[in-house]
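Residue numbering begins at 1 within each chain, and the chains themselves are lettered A, B, C and D in the order written.
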Amino acid sequence: MKHIKAGVIGATGYTGAELVRLLSCHPNVSLAAVSSVSYEGQRISDIYPNLYGICDLTLSAAGDVITGCDAVFAALPHGLSEEIAANCKDAVFIDLGADFRIADESVYKTWYGKPFLHPGLHGSAVYSIPELHRSEIRDAGIIANPGCYPTASALGLAPAIEGGLIETEGIIIDSKSGVTGAGRGLTQNTHFPDTNEAFSAYKAGVHRHTPEIEQQLSRLAGTDVKVTFIPHLLPVNRGIESTIYCRLKKGVSYKTTRLAYENAYKNERFVRIMPQEVYANIKNVRMSNYCDISLHTDAHTGMLIICACIDNMVKGAAGQAIQNMNIRFGFDESAGLLAAPPAF
Amino acid sequence: MKHIKAGVIGATGYTGAELVRLLSCHPNVSLAAVSSVSYEGQRISDIYPNLYGICDLTLSAAGDVITGCDAVFAALPHGLSEEIAANCKDAVFIDLGADFRIADESVYKTWYGKPFLHPGLHGSAVYSIPELHRSEIRDAGIIANPGCYPTASALGLAPAIEGGLIETEGIIIDSKSGVTGAGRGLTQNTHFPDTNEAFSAYKAGVHRHTPEIEQQLSRLAGTDVKVTFIPHLLPVNRGIESTIYCRLKKGVSYKTTRLAYENAYKNERFVRIMPQEVYANIKNVRMSNYCDISLHTDAHTGMLIICACIDNMVKGAAGQAIQNMNIRFGFDESAGLLAAPPAF
Amino acid sequence: MKHIKAGVIGATGYTGAELVRLLSCHPNVSLAAVSSVSYEGQRISDIYPNLYGICDLTLSAAGDVITGCDAVFAALPHGLSEEIAANCKDAVFIDLGADFRIADESVYKTWYGKPFLHPGLHGSAVYSIPELHRSEIRDAGIIANPGCYPTASALGLAPAIEGGLIETEGIIIDSKSGVTGAGRGLTQNTHFPDTNEAFSAYKAGVHRHTPEIEQQLSRLAGTDVKVTFIPHLLPVNRGIESTIYCRLKKGVSYKTTRLAYENAYKNERFVRIMPQEVYANIKNVRMSNYCDISLHTDAHTGMLIICACIDNMVKGAAGQAIQNMNIRFGFDESAGLLAAPPAF
Amino acid sequence: MKHIKAGVIGATGYTGAELVRLLSCHPNVSLAAVSSVSYEGQRISDIYPNLYGICDLTLSAAGDVITGCDAVFAALPHGLSEEIAANCKDAVFIDLGADFRIADESVYKTWYGKPFLHPGLHGSAVYSIPELHRSEIRDAGIIANPGCYPTASALGLAPAIEGGLIETEGIIIDSKSGVTGAGRGLTQNTHFPDTNEAFSAYKAGVHRHTPEIEQQLSRLAGTDVKVTFIPHLLPVNRGIESTIYCRLKKGVSYKTTRLAYENAYKNERFVRIMPQEVYANIKNVRMSNYCDISLHTDAHTGMLIICACIDNMVKGAAGQAIQNMNIRFGFDESAGLLAAPPAF
């Protein structure tokens, strides 16, 4: 069985820790090195006791991860990945941060407040939701792993947009994310008593995933698409549910739409179209790489409502990155991602 | 101090129990009788131990509640209140069920599957969200207390619609409700392990609060308003957050809108317009009769986003019913409703 | 109606915020001043939006609270209250911190690592769980408000110990506390995803409430009592449940024990002995000043098991402090504390 | 690779569904048949949508599961397994119910209220916590899979009892279980709003796991052991934490005890002794077959406190049953059980 060495930079953030958890059980991967600025020199399992006996690697500096790994994952705050990518000469670099997601530098500047650091690298970086970009990454040196909200939004809308079934104006994406989406860093609004039994929107109209969603939908539509995207913080650990509102084009029926979705994803291991009358629910995808989609119409106003659910830490981050790695290295696309989601 | 006797029919459902809790502390009310079909003959505090020493009344039959009370509250599944109303000759009847909410019998038939039982009573029934209908109920014999979702939706949209600030077409209401909204009855999807760490939409386009919302918004607009209303089940006990999407009319600014809201509610004890950049959050209204509203614009698409939060059991049910009672009997409108919401 | 001015020092911690919430609704109190080191100059409702329109006082310095108030509450980390007490010449000082709880300076030194700062003040400080020390505080200048765990433990054990019903050796107190008990400060183990769906013991044998529990039980017993006290962190916002294990003395029956408890608390507004077969549950005391106690025996091993529940923020902190204030100032002991606990 | 056919009787209860989830990913098993009385004829994935595309078997009658399977698992309420065992002539029967757990019929009668139905079968049934009984099941025809509480208690106490380190009198087991432990059946006290933000003991001294714990500890001790066992309901989906109180024998130190535990489990894949000062936490074992144990002493009273955590659905039920199957059929003992527990 083909085997590679992989490393994780930023292994003690939530996304990094989830990568470590999943890579530790991957049949084609030896997890060779993990790094952390905050905990260098400690064992990762002392920071994450769930990993005792599973991964007891000592956390090193980022440079030590790059050397000797075939695949390097980075799970860092934005602004730190370009430099690492520049140093990954021999390794495939899979970036879970935002640095390589936005193709248009001016858009990047607007939303992230700074220019590209290494513009030359961006040409060779490929943004990949595997179900939509599988063929583009087989030789990629840099893979930009999508954000969690954009993954749910794009998978939820792709068949409708590509099939020309909906109006691309006026799309509204009302998203709700579990608290792991905010990361491991301490903030007042992720302090347990402030979050538990609470619920609200945040960053209405200004969340940085907005341009990424629009970039992706515009590509699918072949025209400029703008969306209203409002995220909310959900008092659960994991899961994103996006309720997407759009208008079916004249003459397009629910049945046609449903068939288009079933057809688009019929060979996809990780996308499931729910039976009619079943609502996509984050509980059915937790701890897994699935994206569940349900389709509904409001007979009464003619709107199409698409509910798309993923685990933000798996399909929305670490799992999708591994899926990208699997494709890039020619492994079974679902290798290491087959643990079934628990019902409860 | 003026004093009345009140009774609660259906006291062991969640709404009934919340009425009992609040009425037990009301300065102008003696809670005289409570009824329950399921637990007749038992003390209510044996069913709800939170009430030990606070209300230890024995549960009787509904008929015993009607006799001798000045105000009779009913918290029953729809279809049972008309008969009770017919028997409330001397008492003011405040109905927390759906029977008297829909004015148009044909609409009622469409959504509830049956005609009015006592059409003659409906003329004297007044639907009342106090902030919007205060003046109409001072002599009412029957008060139809609104549903939880319609309360949040109407308070959230009233100033914008009445002020002619938004287009009334294409309004989308994405609502999330805590599990008490589903009541005390046992169902698989309110079983703890099926609900906890879960989240999904339900009854998309077919929830019975839809016609009530539309009836209310149409009255405010003076024209027929249709909405897309999608409820979701939130894994918390209490609280509704409605994120409402609409388009500002040409030339209407965020500032104008904000002023209209502040003005509309400036004398309202129970409606709070959040400072700009603060998001209405269910945690700030729990256990209270407040409705918190925050206003946001997506500069990028020009949408107005209104977030409205209430406690579904208080402002969305028992609290609002007491507020209606206070008005009807000439008490201070906030009597019995002054406990401040806890921060956590 | 008699009326006083009260102030809260440390108003933006959780205990302080709960004091503000409750004092804002107290019929005999004008909340005159609130202070905070971290947020001086801001409105408290900007930090705690649940308080908008209820308490919009501007946060001042501690000194400004002392001046002009009849009652000064301090809700501060230990080590800061003695200095404040020294400055409270004219005001009654009610301390919710630990500084005045331990009478024996050597014990204090052992557990808190430092001597008393103003030993002279300790003589006039009275430790008070009202149900046990009511008569001692009528003229007190300094009232030491008990810790949350000691309150549940002492109320749970008092009738058994005072009545000589149990062996005082080998008492085990297995306590579980909601996360507000850890305060508002950010720590990794109170970060939502680290706490939610988690449960463990902490500080086994070294929690600083241990000497306070033992001091209280020793006074009740008239002899030295040692306990094994193990706290656990419960993924809920509020509530302490203590399961207390002890051995009935030879010849003492469950029935005798039960009668002793019912008798001991028969005139207490805030202590409820659960009917046999009902278990004290934190859900029935949340947001209230109640302490619920249930009594069980393991026929099989002869152990008495006492379950005692309080809301750690109310009876375990702010509520009990107000109860102490009510006694000290001659108000109805339950004034401002009558909001009934919600069932859900 | 050796391969067997397995079936699950009672597949739509929580334990059954967890077996299906885990067996679906087991490298040596083809899940051949699943049964359910309530849902016969439906696909299991229509009842448990998390299984769509993973296991879409149609639910049959129990008899159809027995035929043609090498291993038959039953996850049924007690009282139903003996009859099934009697029919499992050729298949190994692994019972997750209580019918074969208690060896002494008179004890069974006392706690379960009825005699053995097929006393003759009990001789060939082996009770197995693999870490303690591995060698006894290699040829077993019937394997009695332990209860969840007994698993945590026995693994937590075994090295101390077998090593003669503690007094076997006066052991107290204070256990807390997630709500899945109560199963899928609807009850008021597992209804979300009644359970969420709630916590209490239940069945103090009368829980049916008591005799099973005592049977196991008595075997380990070689003498009759009685325990005080008090379970509590924890508002989380999964996980049991048992805090076990016992007295070290004179002269036995914490260090000796710790070494005994490390030694006892040094070759065990699924038992982890936490580093000193780390507390066993249910969050680190969720979704996994691990049992985490931490050891603490109360210097002050000389008590040994053992904290043992498992996932009640995995190590406490389905995972342990698969571990038993792996041993019985000569597979790698950890086959199908290697998914790492998530940190959040």
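As a working rule, contacts are C-beta pairs under 8 Å (C-beta built on N, C-alpha and C of every residue); 3 or more make two chains touch, one makes a residue touch a chain.
From a predicted model like this one, the values you see are computed outputs, not experimental measurements.
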- Note on the structure: Taking each chain's centre as the mean of its CA atoms, the one lying farthest from the centre of chain D is chain B
- Note on the structure: By C-beta contact count, C-D versus A-C, the higher one is C-D
- For chain B and chain C, let me know how many angstrom lie between their CA-based centres, rounded off. 36
- So, in whole Å, the Cα centroid of chain A is separated from that of chain C by 46
- Task: Indicate the whole-number Å distance between the mean C-alpha point of chain C and the mean C-alpha point of chain D.
- Result: 39
- Task: Send over the residues of chain B in touch with two or more other chains.
- Result: 14, 180, 193, 196-197, 235-238, 281, 283, 344
- Within the complex, chain D is touched by chain C residues 170, 172, 174, 176, 193-194, 196-202, 204-205, 210, 226-230, 232, 234-239, 241, 243, 245, 279-283, 286, 294, 296-301, 303, 305, 307, 309, 344
- Message: So in the complex, the part of chain C that touches chain A is made up of which residues?
- Response: 14, 178-180, 184, 186-188, 190-193, 195-197, 235-237
- Item | Contact set on chain C toward chain B in their complex | 14, 17-18, 21-22, 24-25, 46, 48-55, 180, 197, 237-238, 269, 272, 274-275, 278, 281, 283-285, 287-288, 292, 313, 338-344
